[in-house]
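In order of appearance the chains are A, B, C, D and E, and numbering begins at 1 in each one.
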Amino acid sequence: MIGRNGFRHGVHPPERKELTSAVPIRRMPFPDEVVLPVRQHTGKPARIIVRRGERVERGDTLALADGFISSPVHASASGTVADIDWWPHPDGTSALAIRIAVDRYSPQVPRPRLVPAWNGLAPAEVVRAVQEAGVVGLGGAAFPTHVKLAPPKDQPVELILVNGAECEPYLTTDHRIMVEYPQRVHFGIRIMMHALGVQRAVIGVEKNKPDAIERLRETKPADLDVSVLPLRVKYPQGAEKMLIRSVLGREVPSGKLPSSVGVVVQNAGSVACLAEVFETGLPLVERIVTVTGEGVRRPANLIVPVGTKVGDAIRYCGGLTEDAAEIVFGGPMMGISQATLDTPIVKGTTGVLVLTRAQVPSRRVYPCIHCGRCLDACPVFLNPALLGQLARKGRYREMEAAHLADCMLCASCSYVCPSNIPLAQLFQAAKVGLRRQKASAA
Amino acid sequence: MKKTTPAADFARGLWRENPVLIQMLGLCPTLAVTNTVANSIAMSLATLFVLVASSFLVSSVKRLVPNQVRISTYVLIIATFVTIADLSLEALVPTIHKALGAFVPLIVVNCIILGRQEAFASRNPVGRSVLDALGMGIGFTLTLLLMGGIREVLGNGSLLGFRLFGPRYEPWIIMILPPGGFLTLGFILLTYAWWRGRAAAAARTRELAARTRAPAAAAARAKAVS
Amino acid sequence: MTTPLQVAAAPHLKGEMTTPRIMWGAVGSLVPVVAAATWFFGPSALLVVGSSTLGAVTTERLLGPPGALGDGSAMITGMLLGLTLPAGIPLWMAFLGSVFGIALGKVIFGGLGFNVFNPALLGRAFLQASFPVAITTWPGRPESWAALRGDNFAFPFASPQPDVITEATPLGLRKFEGADTPLWDLVTGSTGGSLGETAGIVILLCGAYLAARNYLNWRTPVSLLATTAVLSGALHLLDAARYPPPLFMLFSGGLLLGAVFMATDPVTSPVTNRGRWIFGAGIAALVVVIRVWGGLPEGVMYAILLMNALVPFINRATQPRVFGTRLAQAAT
Amino acid sequence: MSELFWILLSAMVINNFTLTLFLGLCPFMGVSSRVATGLRMGAANIFVLVLTSISAWVLNTYVLADAPYLRLISFIVVIASLVQIVEMTIKKVSPTLFRELGIYLPLITTNCAILGLAIFQTSRGYGFLQGFAFALGAGLGLTLALVLMASIREQTELADVPAIARGTALVLIIAGSLSLAFMGFAGLLSAG
Amino acid sequence: MSPGSVHGPGAPAPPDEPRTPAWRLLATLGSGGALAGLLLVVVYQLTLPRIEAHKAEALQQAIEEVLHDPARFDTLYLNAGQLTRELPAGADPRALERVYLGYDDAETPVGFAITAAEPGFQDVIRLIFGFDPKTGALLGMKVLETKETPGLGDKIEKDSAFVSQFTGVAAPLQGVKKGAGKGKPGEVDLITGATISSRTVVRAINRALERWRPALAAYRERRP
């Protein structure tokens, strides 16, 4: 049943993973201040329950989930709530955030076991515990994990697919997790299987991480039906629809979720995180990020408290080089560049990439020459050339008819476009524009 | 309809509401028969005749014609005059009649003629209707002459049959072929739009100059624009 | 840490290929073709190609968007137009053709990327309709390589002096006199014709280079050449006396130049790969129809222009099937 | 057979009504901005052209032999009335078809492609079958031109056409280019 | 431009005259039609002589040219495969094909003038040619109607060197590339750059002769 068809199209950007792929994960000292936006997940922002001046311990709840598709925010360090105000958000906007002045000499010991031990919990209880622990997907989109663990009844899940592709260049977070904590990955799978009542799991890993594949295979518990599947190195192998196509040979129908083909996809780091939460009893208060790029002096894979300002993380990595020019949250293909060093690293931040001036030349945009390269790159078979021209003219309705909704903004098209047309950017703007148009029409 | 002066009735069709260049009516004859100036003249005179005669008649009998058969009556009137023009051309200038081919009878369906009856002659007194028809007809004539002039000069090196550039001139045959018709009219429209764009820019600059009350500076700017 | 941070949209890495590189790459690979033309036709070839290139570049500079020359596309237009002309054509005609092609074939649509018709071929079609005699006068080969072929320096707007010796093209010979040209002559280029049509081997090599560098999409020429071979082969099998053999079809006239350099113009060919197969096949079919049953001996230019007009249609008809929609359709 | 085929081919591509004979330019300029509309307009045109050819043949053969001066008037009147009758019939019989094609019928009635067809057919002395081939070819050619133009216009809507060229000027230049391209069909089937 | 804006069906009717009796509508159209008809008849009658004269003159000129100024000519109609000088009873002359037979001053027939048409480069080329069945040679050729390209195809009409070849050449004709002739009878040099048009002329004549030959031959035999 498992096919190795791979997905069609996609691109091959230079990988540049060697900067950090062999650097062991290291814990960064607590910074002086952490900034915790209430919006670190897909869904409704969390509801704040603390006040300025209040003292909090590491792991305390600062904001509660507001509904099912929402996730709480916990203090990632002990200290006092210094302020609650708008603060630069990694997505380029501002968001309400809780700033905590970290106790300088605190041992940062959490309260004992805020998350219950997992064995003995009924599946529904696991789901609740996961939500209360604030666990969200760490693969980028930050979708609340507990929602995936409670799929609609009419779409039974048959398979858990662990996404260890890490197809973005430069990033090595998942790679290092799979190499250093493979047991955690398996333990996380066990928890998910229990919650979902599923017997089978597949871990998909791009072939450029042979050590991860080997470690995962070595450590596989005998009682767990888990297989590790090496995948072709191609961007965006990690996009869940592509991954499902590569692993199962199935296409997730347009506009549908993976559960419609009986699959739950979870990032390898998220799975490990799930395990960690139940192991330590501490909610999601820290994550692993790759701080990398030619613009950082000592690239590294770091464990950082959620809310660490990017400047602090970079300083810990030796600071910026002379010619550093752009700081990107995420990978170079989909990441968002930051205007300030004060932006906090949040739960969904997979990496911090610093590019140099030579790497980000100002690019002149030429008109589309209909070369068709973008069509050959688009993994979901859209016509980015047409969409781009429609976007330039603001014809969003026609873009909708041309399946704008299926665009996952992977930027493969922008990557190959010889005319430097910012296609993915145009599509993102069009999605927003379309939503606005519809809202004002309604 | 707003009251206008007789001069305005006449002038309207010449330029501001030129039937071809502005209203885009009567394109078929404009393109089909303008490969020489002589053909253009014959065609536009025939059209002018039909237009003026029909306008005169339609305007004269407008009270007698019930609304329901209005159009049919107009068509009848126009078709009659066109047949007259056709027969007369055939009798008087058979070579040109042959060159114009089917386009003389096709004046019947020329959008300009029926359009003027509907839009003007059926609602206005005889005098004004005739003036309007004359204006439109002459506007049509001027356009056809322009087209015919450009096409004959470039396409044959002659004007009204007279060689302009001597025997060594290499004619651009395309101009008297069908693509040349489209291209010439397209080119005229382009030139017109370009000229209008410049005029508008100049007007804006003048306005700006008046408003800022800095004549010297604005004049310099106007110079830079033009 | 005072470095000013740059904010840009994703992706923050970009592929190597840029539009000017593609265009200049095409310019570069036209150079050997021009050289071959000069080898065959003497200095007239350089003059004609130079004049049409000058016309294209000047027009683009004067009418096009600022800085448009840097992308190199006007240069290609000019060179290709020159290569489709006979060696003896007056230089003013070559110049005028480029002016027309760029002004009304490209600039008016908004410049690079927006034009519907191939500007070089539109310029040539304009010349052919304007000066049908001059453009079908194939001057013969004088004894000296350095001699001009025909009246290149005819005064602007004046007719060329009639050339003393003319020769026929292989296609003209075939169509009007039923005479065949030996294949070897076709391949080595020792026949009459437009500047760029006799250098078949050079064109194929340049095309292979462009395809290898991914500057052009190989599907169009492959489809075009294969369809031509199949269609003319079928006709030849039916009646070998009436219909020429496939190799003659491939190596005569402007087919190779058109297939490698003109049908592959990205701007005026379909954007989808399936569309490119159709486009190439359509051109081939029209070429065969015009060459075999039409009034003109050669039909590559008209075939490409006609298929250019169909490109919006082909694009529409060959939209890729969006990921995940087959299932959705099956369900509904 | 081959003569009929040549008549059809000639009217369709060699002497295309729109692109080389300049007939029916108003719908060509006015109704060619959308492919779907162009197709319907073309279909309606084919229908009316065939109807026209038949009525012109009947009139010429049985009615007008002795009164050529009434030709124009009777063509106009008969075509207009026929189209009107057909329109009403369609409206009654098939409202869907009426929505698709019917609304174009009155627009076509008095355009010069229709009358031109009748006149050409008369002056060339075509018989019934020849007239039918002629009308079919003319209609197909008209549709071809209309649809090509519409698809190109839809494309140029996405282009950065300079302000001075927007609208009719560009359409005329495109038509000129199409007309130039159609010259490739000249002499088709007559070289042998 | 708004479609329908200038044509009747789309135009909004002025709101006056809400109801007009049907007889008035009919009367208006009827009287209009009658008046129009009357006017046309008058104009037709006035112009008819001149138009007919033009036509006759044009025909006469063409026949004189291709038969080299015959003293007079007869129109012969083809009826049931036979050429007849007199119209068969009840036949409509417009429906019959015809040729013209010219006579010299001595009332000896000089040859037939025959019209022919074939599709050329652009459109149908119509021409008339003179043919002498006794010698089997052409007497002359004149193009009546052509839409061939000015400067190229129209040489079949304007190039006197081409046109003059059709005087005295033996039928059937054979078109040859200029200078490629082998001196055989019936060879006609085609026009460089207008091969198709000139070859169409040759083909039109050959085909017309092929078609007419039996009838012409039969007619000669029956002559007194």
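Here is the rule we use: a residue touches a chain if its C-beta (ideal position, glycine included) is under 8 Å from a C-beta of that chain, and two chains touch if they have at least 3 such contacts.
Since the structure is predicted, the reported quantities are computational estimates derived from the model, not experimental observations.
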Touching both subunit C and subunit E (chains): B, D
Central chain (by mean CA position): C
Of all other chains, the one whose Cα centre sits farthest from subunit E: A
Chain whose mean Cα position lies farthest from subunit C: A
Most contacted chain pair (by C-beta pair count): A-C
Distance between chain centroids, defined by C-alpha means - subunit C, subunit D (Å): 33
Subunit B-subunit C separation of Cα centroids, rounded to whole Å: 40
Inter-centroid spacing, subunit D versus subunit A (mean Cα positions, whole Å): 60
Mean-CA-position distance for subunit B and subunit A (Å): 67
Subunit C, residues touching no fewer than two other chains: 104, 108, 110-111, 113-114, 126, 129, 132, 295
Contacts with two or more other chains, residues of subunit E listed in rising order: 1, 7-9, 33, 36, 40, 43-44, 121, 149, 151-152, 196
Residues of subunit B whose C-beta touches two or more other chains: 24-25, 72, 75-76, 79-80, 83, 87, 111, 114, 173-174, 177, 179-180, 183, 186, 190
Interchain contacts (touch definition) - all pairs: A-C, A-D, B-C, B-D, B-E, C-D, C-E, D-E
Subunit B residues touching subunit C - in the complex, by the definition given at the top: 165, 168-170, 172-175, 177, 179-180, 183, 186, 190
Of subunit C, residues touching subunit A in the complex: 1, 3, 5-15, 17-22, 71, 110-114, 217, 266-267, 269-273, 276, 315, 319-328, 331
Touching residues (chain side subunit B, partner subunit E) in the complex: 23-25, 64-73, 75-77, 79-80, 83-84, 87-88, 90-92, 94, 111-112, 114-115, 118-119, 123, 155-156, 171, 173, 176-177
Touching residues on subunit E, where the partner in the complex is subunit C: 121, 149, 151-152, 177, 180, 190, 193, 195-196
Subunit A to subunit C touching residues, read off their complex: 11, 13-14, 92, 169, 241, 245, 251-256, 311, 314-315, 319-320, 322, 324-328, 330, 332-341, 353, 355, 359-360, 363, 366-373, 375-376, 379-383, 385-386, 402-403, 406, 409, 411, 414-420, 422, 424-425
